[in-house]
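Common to both upcoming complexes is chain A, partnered first by chain B, then by chain C.
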Partner chain A sequence: MLTELAQTLINGLLSGAQLAIPAIGFTTIYAVLRFPSFAVASHATIGAYAGFVANVWLGWPAGVALFAAFLVAGAFGVVTDELVLRRMRPAGPLTVAIGSAALTIVLENLVRFCFGNDQRGYDLPVLRDWRIGDLRLGPEQVEAAAAAALAMAVLFLFLAFTRTGKMMRAVADNPTLAGLKGIDANKVARLANFVGMGLAGFGGMLIGLDTAIDPLTGFRVVLSVFAAAVVGGLGSIPGAVLGAFVVGVGEEASVLVLDPSYRTAVGFVAILVVLTLRPRGLLGERAY
Partner chain B sequence: MAMARGALAQSGPIKIGTLTPLTGAGGSYGPPMVKAMRAVVDELNAAGGVLGRQIELVSEDDETNPDSGVRAARKLIDVDKVIAILGTWASAVTVAVAPLCWENKVMLFTVSGGDSITRLPHMGYIIRTQPDTNLQSKRVVEFMLSQGVKKVGYLSAQTPFAASTYDLQTKMLKDGGAEAVGNVIYDATKTSFRSEVDEALKAKPDALFLNSYAPDLQVLLRDLYRAGYDGKRYTLGYAANDKLLASVPQAVTEGLISYAPSPDLDSPAYKQVQAAVGPNPDPYSCQTHDHISLAVLAMAKAGAATSLGIHDDVRAIGDVAGVKVGSAAEGLKLLAAGKQIDYEGASGPCKFTAIGDIVNCKFRFDIVEKGAPKLLSLS
Partner chain C sequence: MENYLVAMAVFAGLYGLMALGLNVIWGLAGMVNLGLVGFFAIGAYASALLTVRHGWPIIGGCVAAVVLSALAGLVVAVITARLKGDYLAIVTLGFAEVIRLIAANQVSFTGGTSGISNIPAPGRGLLTPLGFNLVFAAIVWVTIAVVALLLGRLSSAPFGRVLRAIREDEMIAAVAGKRVLLFKVQAFAIGAGVLGLAGALYAHFNAYIAPDAFQPLITIYIVLALTAGGTGTMRGAILGSILVVALTEGTRFIGAYTPWLSPVQIASVREAVIGVALILALTFRPQGLLPERASHHRLEVS
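Showing the complex of A and B:
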């Protein structure tokens, strides 16, 4: 029993690390632009495919491909926001949120149009798990968790110590005051989209490394990502990380008591419980 | 609503609907299935159509999803007023669409394997060219037993046939001296199955039956490999398809055994499907080729381009005392001359029971070696 719990905890933490990156992207966009962008789903897919092109067609190693995934998804994020979502902003956050859901469908089908429905895989070997006593630990998952941790560290340094990072935090904290100080809201919006969607793409590739790349890669995790961001507190980056671990461990733990086919229910239940009992989530609504 | 479809439209093209997965989990099969049907329709139209009218195919995408399937079927039935719907693939879609068809008296030809489908009260409006779970399970359990397995664990995607397949095979394994040691039903949309794999391996099976679709099979195979599982793995042919084998490392797929109903490789109809779709047509394209051929021949035999015509005569064109024909074009000529015909299609003899199931067909078993399937047995 103890082994089962320990294994569940390990599985949960590793899958939480994978969820954390797109969750951070989601919550960053929420923090600055004040709407839940469901387009993270398609940008995660775009990142996974960008990584595929970089790794399989161009022959680049995984690390470089991850960086490419970030850049391409980030670029798409900025372009689609400029062309599509920005125009809806005057109509309010609900409209933009709905627009982002429509956008994600269009982008997913654009990917499908270019690459087809078939599954793809990266040009990397699948490794057997490490065994520590009765516990299993996947080397690829540990690598993905390490990549996620690195991304989080870089993001932290960016937001805490660079001028642009501080600008983003200022707009997230108090847009009116930031505007008075002369910070260009549009510039920050573009930056937030670039970083947010870039992270979604980075996360999408991490998921693709572990599982499969197909047009539905991002869509499959969007509920868990949304749940992670809500549980942690929309707009809070540490909250998104914490929320991702909570949802990750929660989904794994649910397999112990429920049928594995009910795993998705964890995301739904988490959202319901948090929004009913503590709407600001675990770490509050404040941005980083 | 109770009138035979098409009775009012005596001129103009005969409209037949196709409802296949152009996107979703079955997305790699829908397009070739439609291609195979179009090839037959084009050939027949060039020769003058049937009953003096041209045939028009109206194609819709069910997205491998029952909700989309129902919407598409509604459109085909209410807007396009088709007399038949051909090609539904996923069992969940067929189960959802079937009541619409029989209530509107529209013929439904399906390639889905879920047993419950033909047991629905369809009053003869469903024809299924895919062997049902009973026949499929019988053949695969025979094969597993012949390979000496003792304890078989099951991992199944959530589908209408997940539980029934397990129950059936449990009994068949028991009768053969082996045992089934548990069925883990998983949510096929998840990106990782570590916990499900852990649960399935708890009972230490020497063989696993993976009742999956291709996208989840890809993840499952990797997770089984990571977990260090080295026993036998059996799965469905449509899951372990060429695309999966190309995108998963060889070490992970080595030794995987897949089975599928086999088209009748020697039949003239099979050659026509090859001409339309490619040298290695999937079994579903062979079946949809037969769907359209059967529908057209039945209409011609009945003398009426209506759903009721197809309903009444789809078995009459398989008269074993008649002249063997391997194509709709050939059959139409003979029917026009007043002869009895015995249509044998690309998917098999196309003889149907009273509830619409095929009586028999061939099966093939393949093993994956170095990333490519190798035929183990075909009978």
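Showing the complex of A and C:
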């Protein structure tokens, strides 16, 4: 029993680490642009497929292909925002949110048009699970969690110490004041989209590494991603990380008592509980 | 061909009914609902289960569908009404997905992925398929007329004015002494009830329901219908629904002109067209084709 609980905790933390990446992406865009972008679903899928092309078609190692996932999804994020969502911003955040849902449908079908509905797998060396006592660890999962931790560290350093990172935080904190200081809001918006959607793509590939990918890969995890961000506090990056671990462990723990197909419902329940008890999330809505 | 057209008239009517329901929630009260397909599903399952398993009359099933989905709307609204719209968008989307999960996995209750079949409908089997479709189209469009009339009354009554005030500025409505939370919850429940009624009619018309029928894409159809037609007006909701059916069915013929595309590719183009249409509507004509008219005369400023 104790082993089972420990195993659940480990699995939950590992999947939470993967979930944290797209959750940070979602919350970054929210912090700067102030709307919940449903397009993280399609960008996670685009990242997963970009990584697939790099890994399987071009033969790059999976670790390098993750960069392709980040860059391609980030580029799509900037371009689609510039072409589609930016024009809706004057109409208010809810219009942009609905627009991002429409955008997700278009991009998801673009992926379906190019790659079909078939499941695709990455080209990974088959490794045996590590055993520590009675506990088992999947090397792929540990590597994915390590990649997630690395990405989080880089993001933290970027936001904490670089000039551009500070600009982003300033806009997230107080856009008017940032504008007075001469920070170009459009430039920061583009940057937030690139980083946010890039992380969504990176996370999409990380999650895909576990199993296989198809055009609905992003949509399937998007509820957990939203849950992580809302539980931690919409717009808060440490909150998104904390929320991702809560949701990850919760999802794994639910399998002990519920049918595994109800995993994705855990995120929804977590949202309801947190919104009822602590409407601004565990860590509040501060950006960093 | 006539048969097909009449069936499409039924679907336009069902979408119209859903758009009317969404209009109360979003158009009048300004609350976003990206999970409306969940309320539609609750209505469909309620009426299907009660009529098939428990021998209820169809009309009883429909009433139960309205009541149950309105109750679900009430619960969702009570939890979220104090929060900002961002959260409402996320919660409603999650709600619809959870409803679909339950429908797919509570096999003994909902029939799981194999769904529920042999759902009764007036005249099925007695009439020719065309006759049946005509009867059902009449039922649906009479229902729409009645619902539109009732909601129209509601919208021009003080209740509707309060909702619009809340939509424009919650704070001012509250300062004017309106109980904002109560109005929002009522609007959400009424809208959800209409969505549930549409679901019940769909179940009886189709004779068969399964979780796959309640995809988030349906929500996008209805949001598109209301946006294209004009949020805030009953006429706009109905016009928009006819346009959406014309669009989804019109693109069915893409395949005939593009033989080099695979069926999956054609399906993806058809879905993408809906997304593109919604983006275009939001960008270029967010007020819709039949925009809401200001109900008062402009003040002459001297």
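One rule holds for everything that comes next: the second predicted complex is superposed on the first by the 287 of 288 C-alpha atoms of A that agree within 3 Å, B and C clash if a C-alpha of one lies under 4 Å from a C-alpha of the other, contacts with A are read in each partner's own complex, and residues count from 1 in each chain.
FYI, a residue touches a chain if its C-beta (ideal position, glycine included) is under 8 Å from a C-beta of that chain, and two chains touch if they have at least 3 such contacts.
The shown structure was predicted, so the numbers you read here are calculated from the model rather than taken from an experiment.
Chemist: Based on the superposed arrangement around chain A, label chain B with chain C as either clash or fit.
Modeler: Here chain B and chain C cannot both sit on chain A without a clash.
Chemist: Between chain B (first) and chain C (second), which, if any, makes contact with A:128: first, second, both or neither?
Modeler: In the superposition, A:128 touches chain B alone.
Chemist: Using the superposition on chain A described above, determine whether A:17 touches chain B (first), chain C (second), both, or neither.
Modeler: Neither chain B nor chain C is touched by A:17.
Chemist: Name the chain, either chain B or chain C, that contacts more residues of chain A.
Modeler: Higher number of touched chain A residues: C.
Chemist: Taking the superposition as given, does A:211 touch the first partner, chain B, the second, chain C, both, or neither?
Modeler: So A:211 only meets chain B here.
Chemist: After the superposition on A, what does A:230 contact: first (chain B), second (chain C), both or neither?
Modeler: Second partner only.
Chemist: Just chain B (first), just chain C (second), both, or neither: which does A:264 touch?
Modeler: The answer is both, since A:264 touches chain B and chain C.
Chemist: Once chain A of both complexes is superposed, is A:112 in touch with chain B (first), chain C (second), both, or neither?
Modeler: Both chain B and chain C are touched by A:112.
Chemist: Could you look at A:95 and tell me whether it touches chain B, chain C, both or neither (first, second, both, neither)?
Modeler: second
Chemist: A:144 in the overlay: touching chain B, chain C, both, or neither? Say first, second, both or neither.
Modeler: In the superposed model, A:144 contacts neither chain B nor chain C.
Chemist: Superposition on A: which chain B stretch among 38-46, 92-100 or 326-334 collides with chain C?
Modeler: Clashes occur only in 92-100.
Chemist: Would you tell me the residues on chain A in contact with chain B in one complex that are also in contact with chain C in the other?
Modeler: Residues 112, 117, 259, 261-262, 264 of chain A touch both chain B and chain C.
Chemist: Which stretch or stretches of chain C touch chain A in the complex?
Modeler: Of all residues in chain C, those touching chain A are 32, 34, 79-80, 82-83, 85-87, 89-91, 93-95, 97-98, 101, 104-105, 216-217, 220, 223-224, 227, 262, 264-265, 267-269, 271-272, 274-276, 278-279, 282-283, 286.
Chemist: So in the complex, which bits of chain A are touching chain B?
Modeler: Listed in rising order, the residues are 7-8, 11, 15, 112, 117-121, 125-129, 131, 136, 138, 140, 207, 210-212, 214, 216-217, 220-221, 252, 255, 259-264.
Chemist: What part of chain A is in contact with chain C in the complex they form?
Modeler: Residue list for chain A touching chain C: 30, 35-36, 38, 84, 87-88, 91, 93-95, 97-99, 101-106, 108-110, 112-113, 116-117, 219, 223, 226-227, 230, 234, 259, 261-262, 264-265, 267-268, 271-272, 275-276, 279.
Chemist: In their complex, what parts of chain B are in touch with chain A?
Modeler: It comes out as residues 23-24, 27-28, 158, 184-187, 189-196, 198-199, 214-215, 218-219, 222, 225-228, 243-244, 247-249, 251-252.
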